[in-house]
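Beneath this line is the structure, given in structure tokens, with notes to follow.
A, B, C, D and E are the chain letters, set down in written order, and residue numbers restart from 1 in every chain.
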Amino acid sequence: MQAEHKVKMKGEAVTVHYGPKQALHGVSLNVAEKQVTALIGPSGCGKSTFLRCLNRMNDTVEGAKVGGKITLDGEDIYDPAIDVVELRARVGMVFQKPNPFPKSIFDNIAYGPRIHGLAKSKTDLEEIVVSSLKRAGLFEEIKDRLHEAGTGLSGGQQQRLCIARAIAVSPEVILMDEPCSALDPIATARVEELIDELKQNYTIVIVTHSMQQAARVSQITAMFHLGNIAEVGPTEKMFQNPDDKRTQDYITGRFG
Amino acid sequence: MQAEHKVKMKGEAVTVHYGPKQALHGVSLNVAEKQVTALIGPSGCGKSTFLRCLNRMNDTVEGAKVGGKITLDGEDIYDPAIDVVELRARVGMVFQKPNPFPKSIFDNIAYGPRIHGLAKSKTDLEEIVVSSLKRAGLFEEIKDRLHEAGTGLSGGQQQRLCIARAIAVSPEVILMDEPCSALDPIATARVEELIDELKQNYTIVIVTHSMQQAARVSQITAMFHLGNIAEVGPTEKMFQNPDDKRTQDYITGRFG
Amino acid sequence: QSARPVHIAGSSTVLPYAQIVAENFGETLSQFPTPIVESGGTGAGLKQFCSGVGPDTIDVANASRPISEDEKKNCLANGVKDIQEVKFGYDGIVFATDAAGPDWKLTPDMVFKALGAKVVQDGKVVDNAAKTWKDVDASLPAWPINAFIPGEKHGTREVFETKLLDAGCKATGALDAFKAAGMDAKAAAAQCHAVRKDGAAVDIDGDYSETLARINSNKQGVGVFGLAFYEQNQDKLKVATVSGIVPSVETISNGKYPVSRPLFFYVKKAHLDVVPGLKDYVDFFLADQMIGPDGPLAQYGLVPAPDAERESFRAEFDAGKTM
Amino acid sequence: MTDASIQSGMSAARPASRRDIGLRKRYAAERRFRFYGAAAIAIGLIFLALLLWSVVSKGYTAFWQTELRLPITFSQQIVDPKNTGGKDERALTTANYPKLAQDAIAGVLGIDAGDRAALRDAQKLVSQGARTSLRDVVMGDLTAIGQTRDVWVPAASEVDSAVKGQFDLSVEESRRPINDRQLAWINELREKGLLQQRFNWGLITNGASSRAETAGVGVAIVGSFTMMMIVLVLSLPIGVAASIYLEEFAPKNRFTDFIEVNINNLAAVPSIVYGLLGLAVFVNWFGLPRSAALVGGLVLTLMTLPTIIIATRAALKAVPPSIRAAALGLGASKMQMVFHHVLPLAVPGILTGTIIGLAHALGETAPLLLIGMVAFVANYPTTPLDPSTALPVQIYMWANEAERAFVERTSGAIMILLVFLALMNLSAVLLRRRFERRW
Amino acid sequence: MIIVLIGLAGWIAGARRASAFAGREAVGGPRGPKLHSRATYHGAFVFCLAVVPALVLLLVGLAAAPGYVAADVHNHFPASALDADGKVPPLSYELVNQLGRNLDLLPPDERAAASAMTLADLGPVFQRRGIPLAGGTEDYMLPLALRADELSSTLRLGLAGVTIVLAAAGALFGLSRIAVRFRARNNVEFIVRSLLILCSLVAILTTVGIICSMLFEAIEFFRHVSPQSFFFGTVWDPRFAAAGSGGASGQFGLIPLLAGTLYIAAVAMLFAVPTGLLAAVYMAEYADRRVRSVVKPLLEVLAGIPTIVYGFFALITVGPFLRDISAEIAGLATGDYAPFIQGQSILTAGLVMGVMLIPFVSSLSDDIITAVPRSLRDGSLGLGATRSETIKKVVLPAALPGIVSAILLTASRAIGETMIVVLAAGVAARLTINPFEAMTTVTVKIVNQLTGDLEFNSPQTLVAFALGITLFAITLLLNIFALYIVRKYREQYE
């Protein structure tokens, strides 16, 4: 399965130090284009850290040092000639904790398109907002509250708002850090459907704590362990017949 | 099953308004002593809101108005004569978003015992801290970092820290709002085990978005829908043979 | 108005007089803008004055003391060559107490005995330990000694020291006693100036209104005021005689009352023809209409110089006499 | 919650085994703490009230000024001696108007022209400031020349003080600024309705004057306003920009530490030192004119900057990191993150800093001393380069005046300053309320 | 003129924006190469290129033009008017300038006629318009003045022309740089960032300025008085140095002033910090919104009241009040009604200054406390903590770095305050540890020594500069220390 797809992003021997603490010990991983790659593993194993390397969000963490090489379409994204902002517009991100801006729902979503100049007119913008909300399965619930504060929503609603916000910029790669951890099953299903839909056009990397979710949405799964990759492979194989003992243990010990 | 157990907390026609918006439309629910009651339902249906009524955390929300009656051991907890602080010490809470204090891990957990004067000596306190951490399955990971900041932990670790913090006060009722939403399966299993253990002595109400989790840990399940209770009953019955159409739909549409 | 107004800076003692003149000048000679009169102290004013010649510098410096040699040198160094010194009157310095109190009759002796740092007792030089005025002289009330005297930044302080403390020092024989105690002449003279520092004498670096406020809040205090200030507040203050003389415009201008000092202003000759209105301002200031005995300055409290002296002020200025 | 209710709450249906969590003590602590908070605010407000009361009780009378209504005969001899028909403006402006008023009052009181002592006493009732009032009448209407008109002219400040009861009339006559005969006249005029207390617009509109009755803070208000505008326009953007750089962009190294320490230190520099700086840099080096509001504004700007920077940095620091991450994750540049998200959230804190800084600047005298703004300025400035003064300066100068009438005017000027301050605060509060959010 | 320029550049920017759109339409198909930056950024980039150099030129030009005119006038001064050294007397030059300004005030027709007139003719013209003419003006100055007027207006015109050309050139250059992949945003942000850096340099420049404006005079002071007797002297008694008395006749011991400064500031902080902090906590945590929105600005008024008002308040109300109270207390305790608090005391000054400082602590802290995330409060309340426990143990520690910087600001203000101290604690420089006695501070002495009758280049005045620079150094050290402390104990939340 992996062979069929072009490599969109590639990490080679990526290491990350947070001050004296090393969080990643040389992780190499290919992210296939228009596929969903799931990162699983126990808490604190460095999934989020690796994800954040992919769009250089770790740049903003004080004391974080990234080593190794990560490429996007063959370009080294840590090359000084690369524009971080442009990179982040191409590689979008949804965070673990929902973090809507203290603005109206509409403005939350319109923000990205606005700064990137994606909408030519007001109606254009409204269209983007509405379609993003719809794709995140949030539109029906809040369509008459578009101009209320985004922070007034429930946790689940907030997280979906954040997903809608990321989609609105239509990036090439979307990174999601446990995007469903605050969602109920119906909303989760909607998001999973959406991920499936999105992978037609976009490359997706998702961190999840739910084995089932990984199994359902991803084509490739990478198992992290203590800052290393324990195993990586087609999702089916990983779940049915893992090579690595740790993966085996982790998966069979599953409860999800 | 429900009949065997004393009713620990009882909500009667509870309504909640957030300013003009009504979030609960008369919810009545019995919480059985030393049982685990799960609240499930789609996002935004009022699970968290109801949960927060049970220890009057909604008092702190500006503009929130609670109607109806909620009792704990037969006492109306909204009676002006009732002491909120004591109530909250008896009815503990773990939140959806992990919120460690900007203190050391040790101080995070020692905080509750300290303010309530639960530890007679320093060693007492240390014991409480260590045992709480152990019960939350966090001790091994961080035993040599007890005096580092709690905010430096990963998301999952933070949430377990919060659980440990709540346990440290040894309340009678523990309210948990999606306590595992940021946890990986192994940690989740550990917490679920813990919940099972705790129900020997404590009454537990848990909001969860995971049907499986509800099925695994709870004895009674209440299904919320749009600010109402759609159905409530023994968990087994709810999952195998629900009366309510909405419950049926929700459960069969499950993916969790 | 296009022209730059005459710009004046300097002594806060002279300020009110200069203000009155400036205001009347602006009203009567309305082709000129009203002069600007800065406050800030003699030293600061002269510093501005000596900083150079030109449109950005001030034209006149008010002073409550004559310019010093050092300052003159500084002026010269900055190209301020021709300075016209103009004396225009006197400032009387009086002691006053709360209006409700008894009458006070002071002499330099008493002042020195009450406020000097060291006094002579039984021929020996000792630290001043007098607690009440009555300790100093039986004719004075038994008020605790609490004198509000001008702070060290004020020229008035110098007048206070030379005209009262020095005189008292000499008269009580303290000067000789100091010398006898082994001080050289200079040290002995300095010792005469020294004011006790145990709280009995309180320095006031602010203005007389502060002294008045202090007397208001401490009715047994004795304050040092300008004559002008006292005259404006006669209903609140009672003035003390010094050596039996009641201070007044008359007694000061005829030289009977000992404690007074001359007031000056300095004019840049180079500016006279250049700054429109400058010469007119000085003329206006020196006219009897202003500084004469019936003029508004005297009404405010300036001690006018005798007729002949005023005439000489004007003559000297007109003659363009520079320093 | 009262003690009693807690008691009953604790005793109601409470199992004996219930553990003791020290509620009584903790509630006492809670109440104490709350009380301390309220007490702290009360202390602040009480002091404020005391201060305001001490100012207002002394100063409100300054807003009324005793005036005399005199039938003035604008005799041509005096107003326009050369009979130019009002063409010679100079002659008109410099005419001896006070004489007109003095003649008029002598007429009203029926004093014989030969009684010189009485004449002098009577003349002292009218302010020299009558000149302006009368000149305005003539300049406004040339036909007045040669006619007699009733005109309100200010009374002398001694009369004003006497009418307001500020003199102790029990002291002997010679020690009072106003004698018994004058008092009798005052009463007579008052009964005739020729002497009244009227609202003292002059206090607000006039420039400086050595006469209390015509002294006003008009020039000072203009000067203060100009300076505040300059301070606001310069220090707010510069301060915010500097804070943004230091807080968001600057690498954390020795140099930025140095800048940070520097800024904190600048806040501690006594204000007069800024005056020295302003004198050296703006006046002596740049050659800007002395006494100009522009220089004052620049000096105050430098003085206010550290306050604004410190407050702004604290406000920026308080914006949660999750908001920043969200913006960056969407591909906003750091600049966009700051200007679109962080800055708006920091606005309340910035405004607080600005209010405090501006208020500080508004009340400051010492730095203005050295750049020549503590000055007697009678003419309104037309540009920021013209000489002008400021409100606190005017207060400072009046506080040092000997004349009794200036005492109330000092307080009156303080009241005006406070109103000024209140207006400034009010606008900031309104703005702050618009931006304030809890999250 | 500048406005015209900016308008011009703005217009160009707009034009460029349009063309950028066009460019994208043409080049960028549905999935063609995307424009690197938004068109507005390209526009802004062009705008910057057009405006910044032009503005710089304009400023330089405007600054240089008068110099050029002056030089020209100097060169044309008639030899007869030169002074002995062959230089132009500055005052004659000023007269020319003034004449020029006066001429400017005339209506155009009269000014045109002026070139043919002599001063004698011109005099009445000026007089009619109420324009005063300086007495020293001479005939030869008239052509010079006219010449200078003319020259400066030509220069101004020329400068305008050059500026506009430069702006246009900049704009064109900017336009030529624009390409699909051109990083306009980064460039604009670079410019903005440079601006930000410039702004933060103002602080440094201020510091440099302050040091420079005090250093020379301070050095001058130390030529008169040995540093040792200044820094370690325990007696402050500068004596009056007026005309003639010359020389450093007094003692300039810093210690009593320094002690007073720290003592009074400490008393003030002791009052202001707890009061302000408690008030802030109450406003942020207990008071409802309406109360807070009234109380906060009211307290802020305290910060804005001119310090002289506080001074008189201390002098007239607080000081006597404390003195009388202490007399009562002493009377009750010992039977002797002698007040142990003097009318002027450290306590009075500290107290009144503390009142002034309350809002510094309260308003800033209130904002910081309000910004502590809700989830932390919930966490604590959910554990059964009372509100005060939550505040004391969770909210305040989380807000600590901000509060510390607020307190630092307050301390700074306390150290720099003058008027209150003068009136409340007096000007007597003494060493005492009794808070009920008078003491004074460094700043008071700085002001006093600078504004009196004192001779301005005597050590008595110069000491103000030495004091200033010493205070500066001391507060600098304090701040470095504070920064170190804050760094060490900073705790991050969220």
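In the analysis below, a residue touches a chain if its C-beta (ideal position, glycine included) is under 8 Å from a C-beta of that chain, and two chains touch if they have at least 3 such contacts.
For each chain, UniProt lists the protein as follows: A, B = Phosphate import ATP-binding protein PstB; D = Phosphate transport system permease protein PstA; E = Phosphate transport system permease protein.
No experiment lies behind these values; they were computed from the predicted model shown.
Undergrad: What are the mutual neighbours of subunit A and subunit E in this structure?
TA: Output, common partners of subunit A and subunit E: B, D.
Undergrad: Using the touch definition from the top, list the chains contacting both subunit C and subunit E.
TA: Joint contacts, listed by label: D.
Undergrad: Find the chain most remote from subunit B, comparing centres computed as mean CA coordinates.
TA: Of all chains, C has its centre farthest from that of subunit B.
Undergrad: Mean of the CA atoms for each chain, then the mean for all of them together: which chain is nearest?
TA: E
Undergrad: Where the centres are mean C-alpha positions, what is the separation of subunit B from subunit E, in Å?
TA: Computed from C-alpha means, the inter-chain centre distance equals 55 Å.
Undergrad: What whole-Å value do you get for the distance between subunit C and subunit D if each is reduced to the mean of its CA atoms?
TA: 31
Undergrad: Between subunit A and subunit B, what distance separates the C-alpha centroids? Give it in angstrom.
TA: So the centroids are 29 Å from each other.
Undergrad: Residue numbers in subunit C touching 2 or more other chains?
TA: Expected reply: 1, 12, 31, 40, 44, 206.
Undergrad: Send over the residues of subunit A in touch with two or more other chains.
TA: Residues 85-86, 97, 115-116 of subunit A touch two or more partner chains.
Undergrad: Please output the residue numbers of subunit D that touch at least 2 other chains, ranges allowed.
TA: Within subunit D, the residues that touch at least two other chains are 21, 26-27, 90, 322, 333-334, 369-370, 399, 439.
Undergrad: Going by the contact rule at the top, pick out the subunit D residues touching subunit C in the complex.
TA: Going by the criterion above, the answer is residues 90, 93-94, 128, 131-132, 167-168, 171, 175-177, 208-211, 283-284, 287, 289-291, 369-370, 372, 374-379, 387, 397, 399-404.
Undergrad: How about subunit E: which of its residues touch subunit D in the complex?
TA: Checking each residue of subunit E against subunit D gives 130, 185-186, 189, 192-193, 195-197, 199-200, 202-204, 206-207, 209-210, 212-214, 274-279, 281-283, 285-287, 293, 295-310, 312-313, 316-317, 355, 358-360, 362-364, 366-368, 370-374, 384, 386-389, 391-392, 401-402, 405-406, 408-409, 411-413, 415-419, 442-443, 446-447, 450-451, 465, 468, 471-472, 475-476, 478-480, 482-483, 494.
Undergrad: Touching subunit E in the complex: which residues of subunit C?
TA: Against subunit E, subunit C makes touches at 1-3, 11-12, 31-32, 40-44, 46-47, 50, 53-55, 63-71, 74, 79, 151-158, 161, 190, 193, 197, 199, 202-206, 210, 213-214, 216-218, 270-277, 279.
Undergrad: Touching residues of subunit A toward subunit D in the complex: what are they?
TA: Its residues touching subunit D are 55, 57, 60, 62, 84-90, 92-95, 97, 99-102, 111-112, 115-116, 151, 162, 165-166, 169, 171.
Undergrad: Which bits of subunit D are touching subunit A when the two form their complex?
TA: 252, 322-334, 336, 340-341, 345, 437, 439
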